[in-house]
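Each in structure tokens, the structures are laid out below.
Two complexes, one shared chain (chain A), two partners (chain B, chain C).
Let's turn to the complex of A and B:
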């Protein structure tokens, strides 16, 4: 099915717009380009309004305006009736056409007053070759829409690129699973499943009318079925709560993505402040040490010449024998007293004794000045030697202090950065969101635990029921007259089981194919091919993106990548389901970067071989790369131009738009 | 044998200066009085600022001086006069006190110079070191 044309009369800024989508030989792709506010989104809105009686993607500004074109409204005389209408003609491969027309009357009481809307009218006309035209209204008209694109899944067909970023936030596993069922038209099998189950139960109940034992078994089976139903309802409830929690968690994660983790930051800040204090204390100790060095060495360096001249004087006096050699007088006295050489350990001979005694006598007879010089000699030597160490000691301590300073500065910088980060957000809000996240995580985890128990109970209940059914069958088999009924019950049961497994098998096949195609499309679209490793869709139809480090990363990829993933999934869904209705996308590349745009254009070009695609671009989106892929192959290229006054859109050539 | 004096004195007019030094200059906070005295004396000697004392005020008891501290005082006295000055310990101490009296205003002037005193002081010591070695 494809859209042949759209006519809009007095619909918002489309006073009288007619757009034709001619079918080309190879690619059924149609380009419409217009600047912001030129009426692209209102075109998407008109399609939704025509099919479903309500708009989508209406901007706040448009919401304030009436549906009816305001210029027509101004031009209208008082009490004039204005008609708003959208007519969409679609056709199938056999060339049969269907016209969908929705109209609504508006009564303009006064040109300044808001027009009063009348009732909507929806008429579908089917033009079938060889038959009279069929005019349908009410439920029959709605059924035709359902055959084209059911309302429940319209967001997979007519959608706004700007909202693709939040696609997976709104599309939980259950919703996607339901959409897959709807798109794949598996509802017939489900209806069959339910009906067979009802017949099976009814037959089993009837079989127990005349046999108390069979009745007892049947009652037990019914009781077991009630338990199973209750457990299934519980599982659905738990699943729903888990999904709801995950949905909320995704919303919260999105909000928190750009917000700081207050608890972690505050904790880090506190640690940093303490570490900074510790480093400051250590630095201050080192500064005191440095002051000690400066003060001590100041006198050594300033007085170095005085020290040197005193030592030179002492050396001179010793050379002229005015001073005895530098000897420890106490040691000398001990040697004299003990008469033993403290160096070699032998007793002193006469010559040595005389020498040591003379030396001692010399020292005793040294003048007071000489003695003073001898007292200061050693300390002055030590001071002179020490003064040469200043450079080394000073640089060592200076380096240590500088290292501490660096560490302190690094802590300060980080503390300031944390302060700034925290200051730019409302901490209360962040804390509240984090608390909510924690609460939802708790709910999800509790429900997951509960779900595990429920599943075990269900399994056991099913086994119990199967056991009872076998017993029930054995009892029935004993009764010759119930033979036919037994056969019928067995048939119903087998048929039911086959339908259930067929349904599951089809869903599994669809899931597997959608997974495969989504992966193909995504890796074809995304330019960072090395970053991502795999795309999977689990049994619950929840999409997962795995990076090269095997981490789940759907929640942390960029808005553009999320949009590409949503598009990949949608395209896969379309192709796998075989649902051939067109794809209409408003601003498809709004969040897609240049690198991905060319890929995007190439992929859509390929898809348009099998499916009609209508793309509503802004000029910015319709870049050279996109043009190079789509310009020559597109079946139609139109421009949306806003006439002066900005209230009427005109369709024309792209160059004039 | 001449008797050694039991304490060092500063000029009465320097009492406030030493007091301020200890209270207001970070590098000299909680310093022993002998350290302040020896620093002032070294700066005075280095700058040949030996100024006779006026009214004297007790400042440091000699028992707090280490042999190295006393050796410095003696070296200053020898280089200021001659080795004979050692015969008069009172004179030795007097010479040291006169250099401290001449050095303290110079130290205060250094502190009041623009920029960081600590950095300037460190630089002066490094220059001195490089000159000597």
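Let's turn to the complex of A and C:
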């Protein structure tokens, strides 16, 4: 089914707006572009009002204003009646048309400047070829709306694109599961299942009236059923608490995403402060050690120059062969004493004696110094070696102290950074959020544990009930007069079981189809395809996005990517639901980046081959890139404009808007 | 049988497949699902019971009111 036209009379800023959506050959896509405040959102709101009697997405500013057009109201005489009406004509593939018309009377009231609202009226007229026009009111009119788009699932058909960003925050597994049920009408099967179960119980109870044994068995079955119901209620409650906790955790995670983990930071800070203190103590010890080394080696250091020059002197004397002394002074003394030269054997004359004496005197002096120098040489070497030890020790300890300093500085820097990070947030708030997160994690984990036990108990209760039912049937079979009733009970039970298995099987098929289509759409829409690996929907209907490193990433993707995911899911729901009703989206690209807009336009273009799509863009959204995909193929392109101070929407060409 | 409300084809197809060729059961369930779709809030118990007994009779059981 598709929308052929919409007429809005006195509906907010639409004083008299008529929009036709002509059907094109291939792509049933319609573009409307307007600035903020030009009446796009009110158009979406009018569609919702017409079908369901309720407005949606009304801005705060509009909420303060009456539903009736304020210009018409101003121009009207006091107490004059003004009618607000929205008329939507839809048609199916066979060309049959249905007109939905909702109207409401208002009476101008100049004294209060607020109009007095009258009754609402909703009339549906079906134009079927070969038949008289059918005019429907009340429940029958509502029934027609249900066939078009049931109210419970309207938000998947007529919605505000900005809502998509928070889609998965508000849509837990249960809600998505419910949406899937609603959109696929599985609630019909559930109602049927419940009713058949109730009838089966009644038939069984009636069969027990005349036989105490059968009655006893029936009572036991009833008791077991009560246990099963209680366990199922418990499981529902646990699931709901788990989902609620997960929903809250998601909200908290989002809030905490840009906040520091105070507990971790404070813990780190405390550790750093302690480590810094330890390092400072170690550094101080090393400084004392260094001082002690300095004191120990101070004298040597002062003498170092003298030692070096003494050793240089000795080395010089050795090089000039002055050391060790070349002449034996004892020999000279013996020559003088004996008056004979021990070298040539001749007696010494006075001149030679004087020469030897002088020589002895001179050599005596050189030898003494030489001997002294030789005596001090080794100690001097030892002292110099020791002063070399100082260099080594001093260098080693200086390096250790510098390392400690570096570590202390690093700790200081990190402590300052932590202080700065913490200073920019309200620590109380962060702590409170973190505490809430911890509490919800505890609740979730406790409930998961509890759920496991409940499921085991339920399984055992179901087996027990089945056993009792077999016994009950055996007893009934023994009674010939109850034969027919037994057959009917079995027939009813079989009907019930078929509905149960059909329900489960359809749910699984739908889950699998939605998963497949969501994945296809998402990978078609998203720009950075290589970032993501898979999209899955688990048995609880919780959506998972897996990145290329196999990590779940739905909670950490960008707002635009989240919007694309929500749109993919919505489109998948549409295709799987079987409802061919149109998709009307207000500001579909508000949060989508330029990179993704082209993909978005391309995907919607493809979808429009199968269903009508009406897109209400702002000029910013309707970029060149989007235009290049949609401009030529769209079935209609209109501009919405509100002249300054007029408060009345005018429909025209996009370029004039 | 009121069939004003459009019942999702997948539901009807699923029910038919689950009936595995049992035409009586399939007809009964199809009628009942349309009853659920079209008669929300109306008296359903007697109607359901009657239809079940009638269907049961068709497969060999005997109708008992």
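Here is the rule we use: the second predicted complex is superposed on the first by the 497 of 657 C-alpha atoms of A that agree within 3 Å, B and C clash if a C-alpha of one lies under 4 Å from a C-alpha of the other, contacts with A are read in each partner's own complex, and residues count from 1 in each chain.
To be clear about the criterion, a contact is a pair of C-beta atoms (placed from the backbone, for glycine too) under 8 Å apart; a residue touches a chain by one contact, two chains touch by 3 or more.
Owing to the predicted nature of the structure, the values given are computational and were not obtained by experimental measurement.
S.K.: Is A:453 touching anything from chain B or chain C once the two structures are fitted on A? First, second, both or neither.
M.R.: neither
S.K.: Could you say whether A:509 touches chain B, chain C, both of them, or neither, answering first, second, both or neither?
M.R.: Only chain C is touched by A:509; chain B is not.
S.K.: Tell me which partner A:347 touches in the superposition: chain B (first), chain C (second), both or neither.
M.R.: Neither partner.
S.K.: Mind working out whether A:22 is in touch with chain B, chain C, both or neither, as first, second, both or neither?
M.R.: neither
S.K.: Which of the two partners, first being chain B and second being chain C, lies in contact with A:494: first, second, both, or neither?
M.R.: second
S.K.: Counting only touches as set out at the top, which of chain B and chain C does A:186 meet: first, second, both, neither?
M.R.: second
S.K.: Based on the superposed arrangement, let me know which partner A:485 touches: chain B (first), chain C (second), both, or neither?
M.R.: After superposition on chain A, A:485 lies in contact with chain C alone.
S.K.: Which residues of chain A touch chain B in their complex?
M.R.: 291, 294-295, 297-299, 301-307, 309-310, 313, 368-369, 372-373, 375-376, 378-380, 382-383, 387-388, 390-391, 394
S.K.: Quick check on the complex: what are the chain C residues that touch chain A?
M.R.: It comes out as residues 4-11, 14-15, 17-19, 25, 28-29, 32-33, 36-38, 44-45, 48-49, 52-53, 55-56, 59-62, 64.
S.K.: Using the touch definition from the top, list the residues of chain B that touch chain A in their complex.
M.R.: Interface residues on the chain B side: 1-2, 26-28, 31, 35, 38-39, 41-43, 45-46, 66-68, 70-72, 74-76, 78-79, 83-84, 86-87, 118, 121-122, 125-126, 128-129, 132-133.
S.K.: Within the complex, which stretch of chain A touches chain C?
M.R.: Result: residues 143, 146-147, 184-186, 188-189, 191-192, 195-196, 198-199, 202-203, 484-485, 487-488, 491-492, 494-495, 498-499, 501-502, 505-506, 509-510, 577-578 of chain A touch chain C.
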